[in-house]
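The following pair of complexes shares a single chain, chain A, combined with chain B in the former and chain C in the latter.
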Partner chain A sequence: MSEPVNPVEYTKKELPASMSKIATALIAIGLIGVILAYLFDTTRASFNGLVMLMFVTSIGAGSVFLIAIEYLGGAVWSTPFRRVSEFLGAVVFLLPLLALPVYLNLHSIFEWTHLEVVEADKILSGKSAYLNPTFFTVRVIIFFSIWILFYLILTRNSKKQDSNGDQNLTKINIKVSAIFIPFFGLTLTFAAIDWIMSLEPHWFSTIFGVYYFSGTMLAALSFATILIVYLNEKGYFVKGISKDNYYSLGALLFAFVNFWAYIAFSQFLLIWYANLPEETFWYLARWDGAWKYVTISTIFIHFLLPYIVLAPQPAKKDPKRLIVASVIILFAHFLDIFWLVMPTFGKESFAFGWIEIAFPILAVGLILFVFVFKYKSENLVPIRDPKLKRGLNFRL
Partner chain B sequence: MSDKTIFAYSALFDSPDDIIHAAEEVKKQGFEKYDVNTPYPVHGMDDAMKLSPSKLGYVALFFGLSGMLAAIILTYFTSVVDYPQVIGGKPFYAFPGYVPVMFELTVLSAAVLTVATMLLIFFKLPNNRHPLHDTNYMKAVSSDKYGLYIEIEDEKYDEAVIKSLFERFNAKVIEPIYYDDTEVEHKNRIFEPKFIIGLVLIAVITSGTTYFTLNKLMFMIPFSWMMDQDKIVPQESYELFADGFGMRNPVEGTIARGQLPYEYYQKPEEAAVALINPLFPTAENFALGKKKYDIYCSPCHGYHGEGDSRMRGQFPNPPSLHSEKVRDWTDGRIYHVITEGQNVMPSYSTQLSREEKWATVLYIRALQRSLNAKESDLE
Partner chain C sequence: MSAIDYTQELSVVEGKPPLREIDELIIQPLDTKPDKNFFIALSITGSMLLLGALMLAWSFYKGTGVWGNNNPVAWGFPIVNFVFWVGIGHAGTLISAILFLFRQKWRTGIARFAEGMTIFAVMTAGVFPIIHTGRPWLAGYLLPYPNQHDLWVNFHSPLVWDVFAVSTYFTVSFVFWYVGLIPDFGTLRDRTASKIKKVIYSVFSLGWRHSNRHWQHYEMVYLVLAGFATPLVLSVHTIVSFDFAVSILPGWHTTIFPPYFVAGAVFSGFAMVQNVLIIIRKIFHFEHIITLDTLERMNKIILLTGMMVGYAYAMEFFIAWYSGVQPEQFAFLNRAFGPYMWAYWIMVSCNVIFPQFFWIKKIRRKISVMFIIAVLVNVGMWFERFVITVTSLSRDYLPSSWAYYKPTLVDGGILIGSFGLFFTLLILFTKSLPVISISEVKAVVDGAQPSHGEH
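Showing the complex of A and B:
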């Protein structure tokens, strides 16, 4: 048996009161907006609810994935920050709640739930063995329970380590992460197919799961980056975190900005080149009317802008530019999901009004609230993690 | 030893800590022409040597952008200026398809040329000599020692001072590095006759071998076996037949299945009178005609037969199908043009079956009626 790890010196500070106030205010405004939206225009609201659900899924499942790859890759630079992802990952508990209003309005969102349409359509009836409400429900329950289960195991071990410093807990978590990764790959791919791709049940793209994953990773990472940089600059973490830790964070963000562009372009290029009507209509719908501008702006907001902000070496160490890039990316990911989902609701021109604003407000409020809530009961730094000291001494 | 020219004074250290402190001190003393060699990147060395951030990134940016520019010029010149071709109905400059080319050329030129620039600056290419090559110092630092050397050209060079400095930081080996005599007297040999003759020989041998392989060897036994087979290929003579032709005509008075001959070649007027459209104007026939017309006729004649070609001037635009001349033609006359072609228009017999041709004629008639309706259509 190895020796228990001695804790790193860490004094817990209260989060600024403004943070929980902001979270509560956002939730209050968002919730009123969302409830009114469901009363006014149920269909439009449930489409927006789907966008919000996928955005929160990105943050939640993506954060669990970030925790897992840190264990698996043996990364030390991110160990001081890991708790931020662990707190953010707790939003997976909210997913069933957020999915409920969408699930209740399944009929008005998904074409394949209409039995008479499916029966009249050869292609849809061919797909009906997979795309039917019963199997869909089963799958969704499986997704949520897998994410929640692995989140619980990983964070519980991590929390236990704070009190007893048992090194074996890290080893167990490495094994748990190894089991989680294939499950994550499958669940996230099928979640993307079920919730987003099946909005256009005739359309198919084999790369779609990866496409959603690239955004997921970016969203989880950029939300964590905002909190990490903000809290570290105010001294909420322990001493020893250097610009090199920031640099790795920035480099990972930068890498995935490129990864997203690569995947998004790959998907587009093949469909554009082959020019087959059963595939192109999905892009044509996004090239119609006002959607054209959203499509073009995605290229800038999701790729070029964060690319330029993050490209120079000093930018990855600069707290201000890291936060700017993260905010851009977070917004871009919301826009991306909006762009994936909403053309099915509003062909030709996109609907934008107070309903569309209320949902992201609620989403950000909820995530922030979960973070504040988790912060109260746990340390912001895994003080007895065996990798923590090396993480604090991390130099490029 | 004494006649050798000294290049630098070197020291080998055992630990990365020693070398960092030594480098700090050397910098503090004001030495400029010195360098550190370690078996792996030592953290904090840039700070110790007070190196300014590398400017190589700008070189990479420059070469990356020029690679991208080269790709844009390459794709634009080949597909728009030099050899424009419509491929899959896409515009000449089909941007998304060229993005991979741009990406690859950007990455390639950024990577290769940045390394080349680095070598150019460090080695002064085409020179590949350096006094450190083949020294014990270099052997040690490329396995497990940490080395530092100060060049003799440094303004503050003073053997005694340097020695004592090295000793203070636990240097294990302190020794001078000399120029290799042969290297000092070395001259570039690029213009020596021997080298040039060698180059010419290589060129002659390579091109000679290539020429021989492609033009001679391919036609020798056994490489020619694939080409010379004991079968009759089209246009070949064959002595077994009395007339000596390898290709045979069909037996007199017979027609191959589905190969009804066209009797009115070069006889448009007779075709106009004799041929009658066998198809009825049903919805299916119109649909078939529209499909075939849109595929084969519309690129030049336009979707509505107005002669508004989509070929961007690569072919002369044909006259309108709505002219009085064409409207007055019989179905057989139009059929004849499709079968035989006319002026620049080629024959479409290989693309369209009889039935499809007649369906197309039906559709053309419908197009004509759409612009020049008959009085009776109003009823």
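Showing the complex of A and C:
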């Protein structure tokens, strides 16, 4: 038996009052907007609700994944920050709630729910064994339960360790994380296929799950980065966190910016080159009218801009530039999902008005609120995690 | 089993050996005369190489008709072997570049050897596209250059991208490998008693003096090269996958190919490195440098990449059904239940099922079992390329021109020859250069690191 780990000196500080105020305000504004949106234009609101759902899924499921890979990879530089992902991961509890209004309007979003259309279409009736409301519901329940289940196990063990310093809990979490990885891969892929790819039920792409995953990682990581850097600069963590910890965070962000571009480019190039009509129509719809500008802008916002900001070595150690890059990436991921979902709603040009603004406001408000809420009951630092001291001594 | 203490970083080298002992141990194979076993091994691989060379000579004398390639299956063995060998090289680049950037210290014991394997594997791979053209003497035309005929390569073709990708890959890997060797050449030069060797080592060490300034520059160059090599891990096999995926052939044209090929390449590369290292550490008594922990970590990567490959198989199959496109559906049913179903199920069981044994810690740490599993992985990965290349071509859109592809003995001889080439180079390498980086291993021995904080 290893000895129990002694706690690292840590005094918990109250979060700035402005943070919960901002969260409440965002939720209030967002919620009013969203309710009004559903009243005025239910279909448009449902599509936006889907964008919001997938965005929050990215943060929630992605954060659970980040926790898991920290355990699995045995990383120490990120241990002082892990709680941030543990708090953000709690948004998985919100997912059923956010899915509900979308689910109630399934009929106005998904073409494959229209029985008469499916019957008249040979291809759609061929896949009705998969794309039907009952099986869809079952799958969605499975996705949510798996994410919530693993979130609970991983974070409970982590929290318990704060009181007893038992090293065995780390060992258990490593095993749980290993089991989680294949589950995560499959659930996230099928969530992407069900909620996004099946919007155009004729379209298919085998890389689609990987594509959504690459964005998920970026979103979860950049949201965490913003909070980590902001709170650490204000001294909310413990002593010992150095620029080298920041550097690793920035390098990981940078790597995934490239990974996203790699996956996005691979998908595009192969479809463009082969030029098969059953695949190209999906990109053509995103080249129609005003959508063209959104498509082109993703190249800049999702890839070139964060690439340029993060590429220099000093940038990965600079709190300001890290936050700037993270904000860009977070916005880019929202834009990416908007670009994936909305062309089904508005062909040729995208609708943009107060409805499209209300949903992201609510999303950010909710995520922030969950973070503030979790912060109240737990330590921001896993004080008796065996890897914490190593993480604080971490030097490049 | 004793519990692991996560508060301490485990040393990747066992037993805190004195630095001098590390020098001696790693350099010993270079200082001693080769023994009987060395010549036995060399004569086996040399014979394989000779067999391959004879078969190639025969192919050029009679023409490529002596191969099994037929009308729909024009690619056959040469391309299968090409993709296989390029894949083997990937572990080396991953270990030297990506694991370096991730600061994984356990890579130090295996990096040099894996990089060497990368170089030899790419050399072996390079043979195949050139012989596949049937006129290897015209290979020079693959490179674009201004000429009087105004004749250019077809830049639209991924086969030309391959030329650039593979040659870039080879160049960068080679430079990376050589730069890593410079400090070791310095050590070799300082130790050797033979005059001839002294001259050779002096030339290759480029005046290395182990000075502080030299180390500073060296580390920066190494970091930059690791940065260069990282995209190459992805790009090379991505472009190899484009050879297939930009076409419209069912089973070839699928968007997941790029990351799937990369994962598969790392998978097979690690299996090969693991196999060879198990033998090397035994022969040269490197058990405390290439530790069981290191092998276990490699097995974990094999498990992980094996699952990625399994994910890709599943996704291809599912989407083929989901697409509702009839030729797509046929292509995959044909793979699993058509005339090549034996190859398909060898592939699935070797790549997806057997690696699952690595979930069990005991098996991850049992040398004999892990060796067998890794051999099976490479069998499976070779068959994967066979399945992809052959099944899709042998039954494509036009049923009237379907044909069964059967490799000939000549094909088999060339394949054996490629193993001969690879292992001959590898065996020569073990006796001519330090197979473990002396300087890097010294840096990860317990107590070599400057420490921060209390102890």
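By our rule, the second predicted complex is superposed on the first by the 396 of 396 C-alpha atoms of A that agree within 3 Å, B and C clash if a C-alpha of one lies under 4 Å from a C-alpha of the other, contacts with A are read in each partner's own complex, and residues count from 1 in each chain.
Rule of thumb we're sticking to: contacts are C-beta pairs under 8 Å (C-beta built on N, C-alpha and C of every residue); 3 or more make two chains touch, one makes a residue touch a chain.
This structure is a prediction, so every number in the text was calculated from the model and none was measured.
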{"item": "Clash-or-fit label for the pair chain B, chain C on chain A", "value": "clash"}
{"item": "First, second, both or neither for A:Leu270, with chain B first and chain C second", "value": "second"}
{"item": "First (chain B), second (chain C), both or neither touched by A:Lys239", "value": "neither"}
{"item": "Partner chain(s) touched by A:Phe204 [first = chain B, second = chain C, both, neither]", "value": "second"}
{"item": "Touched partner set for A:Arg395, first chain B, second chain C, both or neither", "value": "both"}
{"item": "Per-residue touch tally on chain A - higher for chain B or for chain C", "value": "C"}
{"item": "Shared contact residues on chain A - chain B and chain C", "value": "269, 273, 275, 395-396"}
{"item": "Contact set on chain B toward chain A in their complex", "value": "43-44, 53, 57, 88-90, 96-97, 99-100"}
{"item": "Partner chain A, residues of chain C touching it in the complex", "value": "3-7, 9, 101, 103, 231, 234, 238, 242, 245-248, 253-259, 304, 307, 311-312, 315-316, 319, 321-325, 359, 452-453"}
{"item": "Chain A to chain C touching residues, read off their complex", "value": "1-2, 5, 76, 122-124, 126-127, 130, 167-168, 170-171, 178, 181-182, 185-186, 189, 193, 202, 204-210, 240, 251, 258, 262-263, 266-267, 269-271, 273-276, 278, 386-387, 389-390, 392-393, 395-396"}
{"item": "Residues of chain A touching chain B in the complex", "value": "265, 268-269, 272-273, 275, 312-314, 395-396"}
